[in-house]
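Shared between the two complexes below is chain A, which has chain B as its partner in the first and chain C in the second.
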Partner chain A sequence: MIIPLLKVTNLSKSYDNIVGCKNISMSLYPGEVLGIVGESGSGKTTLINCLSGNLEPDRGKIIFSINNKETDFLNISESEKRKFIRTDLAFVHQNPRDGLRLNVSAGGNIGEKLMSVGYRHYGNIRSLATKWMNKVEIDKSRIDDLPITFSGGMLQRLQIAKNLITSPNVIFMDEPTGGLDVSVQARVLDLIRSLVNELNLTVIIVSHDLAVIRLLADKMIVMKNGTVIESGLSDQVLEDPQQEYTQLLVSSVLHV
Partner chain B sequence: MIEVKKVNKSFTLFNQNNAKITVFKNLNFEVNPGEIVALKGPSGIGKSSILKMIYGSYIIDKGAIIINNKNIATLSAQEILKLRKTSIGYVSQFLKVIPRISALDVIMEPLLNSGDNKNNAYKKSIKLLKDLNIEKNLWHLSPLTFSGGEQQRINIARGFIKDLPYLLLDEPTASLDSRNRDIIINLIKAKSNRGVSIIGIFHDEYSRKKLNVREIDLNIETKH
Partner chain C sequence: MRKTNNVIKIKDFKVDKGLPFDQEYNFAYLDENTKKMIRRAIIKALCIPGYQVPFASREMPMPYGWGTGGVQVTASCLTKRDTLKIIDQGADDTTNAVSIRNFFKKTSNIKTTEITEKATLIQTRHRIPETPLKKKQIFVYQVPIPEPLAFLEPKVSETIKMHSLSEYGAMHVKLYEDISKNGHIETAYAYPVKTNDRYIMDPSPIPKFDNPKMNNSPAIQLFGAGREQRIYAIPPYTKVKSLDFEDYPFDPFKAEHACDICGSKNTYLDEIIVDDAGNKSFICSDTDFCNKRKNK
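Then we have the complex of A and B:
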């Protein structure tokens, strides 16, 4: 019996009287990619912000089981939580400018993340940073350049490198290809997919783009008005949707 | 062995006046190891739906589909993912891949995902590309730029690269010229000789004959 890496039970979060997400329950197993889809305001971002520790939910349980160690995410001390977020979780923002420091060099951005989990040796940090620049297809000669000199696609790849370099156990991605040109999207998508396969990453990815979900996610959930209305294997939900809203969503996709 | 027992399937189209389409009721058949079963019947009768239900990408409304003593109808998403990885190969009608990924990588991926080492996966994939008569200068290009027949062969390679006990083939010989069709037929035969249970949709009499299939006529098997 495999234990889920992440188990969420009845998670709810409201903003005053407005429902963010309501009674969300789900499990995620090691190496799985979970897609979250739904229209704007359906609670996708609220959900991953709660799961990644950016927001405090009102009710519910979040249990991470990593290396046979259970972490009751909502019932640990603030310092334990900070440490857990730093070492075990990663968050790739839609806008790479939210996940990077633009006035610090590319290598510095990556190095900072390594130092946050205890790396001290400058040579090691630099060589690891170089290796990861290479992995995300950024020329290593750009290591000392400021991110402001990077294109949108490069910035996103840099943000991905920064997040993955510490081998986090769960990676959250909020519309990682959302702000990119279509031509650049494919490249970032391809990169995410090959890293997921190579490193056996566990990922929760929010996207309104069903094609992105189809290509990246093993499982998906569909959200509407803060609740999960349908969930299952991505290809099953997309090919044989059981709910009216999911059918509408799937049938609204334009095919080129 | 694959057992399809008393399976019902229908679709409810909520956004089209809740139209309910019944595909089949009380469908029963089985496929033994080494056997090739061909689903027959006019377009729209549900041939692809059967393959998709076995693969878990369509919900089984009622009844059971048993593979490896497991009932697909009641498995959780991660159990289906695992069963696919260890047991079921599926060649869809059309190739779906990310732009930019080379044909070779597309074929190697299922092996790498199951933990095969890169060198091994590479060798196996190259051999299959050669067997499938794909020109060497195409190996490192994205199959999205290929012709229909070439794309189909890449799709087949991806489905055939692993040694799995069950194979689902959705029109594997469509859009191929006669020479390439024969190549595919021989590959399917080889799988069957190794004891693989195969269910396919073959649009042409020639392939069905060459493969010595057992036909299941859905016009007769499914009562509407």
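Then we have the complex of A and C:
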């Protein structure tokens, strides 16, 4: 029996009396890509923030099982939690500026994650950073340039490199192409897809764009008013949606 | 108990205690309750090497930037038996050093000296003397910015968390950037150190040349930041390691010159322009050390 890498049970989070997300249960297996869809305000960001440790949920259970070690994410000390987030998780923000230091060179940004998990050899950090710039298709001659000199698409690819360099076990992405010009979205999406395939990444990705989910996600959940109203294999849900709301989403009558 | 709780008033000196007429201040200016509070912070700081202990900094009769933190630490440690030395950039005769020395002469009437070995308490700005510090000496640094993580993280609540969880990876980003830009670690002053294998600490703006002197020193090293209201410390015989990379080890840079006055080859030198043609001279920044060596 394969143990889920992430198992979530009855997770809830509200803001005062506004529901963020409510009674969410789901599981994720190694190498799977889970897509979260739903209209604006349906709770996607709240959910992904709770799962990645950016936000403290009110109730529920989050269990990560990595290398036969269970981590009860909501019941560990803050120092254990921050260490776990640092070494095992990664978060790609919609706006790359939120995930990068703009006053630090591209190489320094990519290298920071390595240094934060203990790398202390400049030459090794630099060659790994170079390798990852190559992987995300940024010319390695730009390694000492500041991110402010980069285009939006390059910034997002830089953020992706920074996050993947330490081989995290789960990667969270909140609308990773949402802030980009339509013309560069495809390239970033294509890059994410090839990295997912090549590295067999486990990913939870939020998007309101069903094309993104169709392209990347093995399975998906549909959220509405903070709850999951439909879930399953992406192909199935997209081909044969059961809920009226999902049918509207798929037929693009609902503009999300 | 009665004695320490009793704040001595100016009036008490004159009338009740019969002390000299010109003694207008409590010994070393600060009142005894304030000193007690500061000593508590110092003792806590000594127990947790490199950890920044908050304290309620007092208004001093000098502006911030003139070493009000150091002055309060010194005032709290000073006893009537002490011999005090004050240096600024290694020299005893600069304005800042002279005014602080005069301040303590006036408020405590203790002995002062320029000779490092003779001092029991030394307050400094920007240098550690060349003469090795010894047992039973107290060495007080004036600190402008105590937080070594400030350039990375402006929120104090977050830097406190980073220290408590030893989240120091980003410190190396600065060194990484230095090497990438300059081929070596360019930071020359206030070069960050790790104290007792635990807390990352800003050694105040001393040149990195002085960093090795902090390691395993027999003296008590105290750091006072007045405006930022922090005290931290290195107890005697404590490991103090300058941050670096395995392949770019810490290098306490030394100018390729000998002192033009005393001939010393292993001291920190000030570079001074001596004439209109722009000719340079290199002399020890530690005036006491240089004088002694010259006169030998």
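Miscellaneous remarks
Keep this in mind: the second predicted complex is superposed on the first by the 252 of 256 C-alpha atoms of A that agree within 3 Å, B and C clash if a C-alpha of one lies under 4 Å from a C-alpha of the other, contacts with A are read in each partner's own complex, and residues count from 1 in each chain.
Just so we're on the same page, a residue touches a chain if its C-beta (ideal position, glycine included) is under 8 Å from a C-beta of that chain, and two chains touch if they have at least 3 such contacts.
Source: prediction; values computed, not measured.
Superposition of the two structures on chain A shows chain C fitting alongside chain B with no clash.
Of the two partner chains placed by the overlay, only chain C lies in contact with A:107; chain B stays clear of it. Contacts of A:218 after superposition on the shared chain: chain B is touched, whereas chain C is not. In the superposed pair of complexes, A:117 makes contact with chain C only, with no contact to chain B. In the superposition on chain A, A:149 makes contact with neither chain B nor chain C. Residue contacts after overlaying the shared chain place A:235 against chain B, while chain C stays out of touching range. Of the two partner chains, neither chain B nor chain C is touched by A:127.
The three-chain arrangement built by superposing both structures on chain A places chain B and chain C 160° apart around the Cα centre of chain A, to the nearest 10. Once chain A of one complex is fitted onto chain A of the other, the partner contacts of A:78 are limited to chain C, with no touch recorded for chain B.
Note on the superposed arrangement: chain B and chain C approach each other to a least C-alpha distance of 34 Å. When the two complexes are laid over each other on chain A, chain A has no residue in contact with both chain B and chain C. On the side of chain A, the complex with chain C involves touching residues 78-79, 82-83, 86, 101, 104-105, 107-108, 111-113, 115-118, 120-123, 125-126, 143-144. Chain C contributes residues 164-165, 167, 169-170, 172-173, 176-177, 179-181, 245-248 to its touches with chain A in the complex.
By the touch rule above, chain A contacts chain B in their complex via residues 2, 29, 32, 186-187, 189-190, 193-194, 197-198, 214-215, 218-219, 231-233, 235-236, 239-240, 242-244, 247-248, 251. On the side of chain B, the complex with chain A involves touching residues 11, 13-15, 52, 56-59, 77-78, 80-81, 96, 98-101, 109, 112-113.
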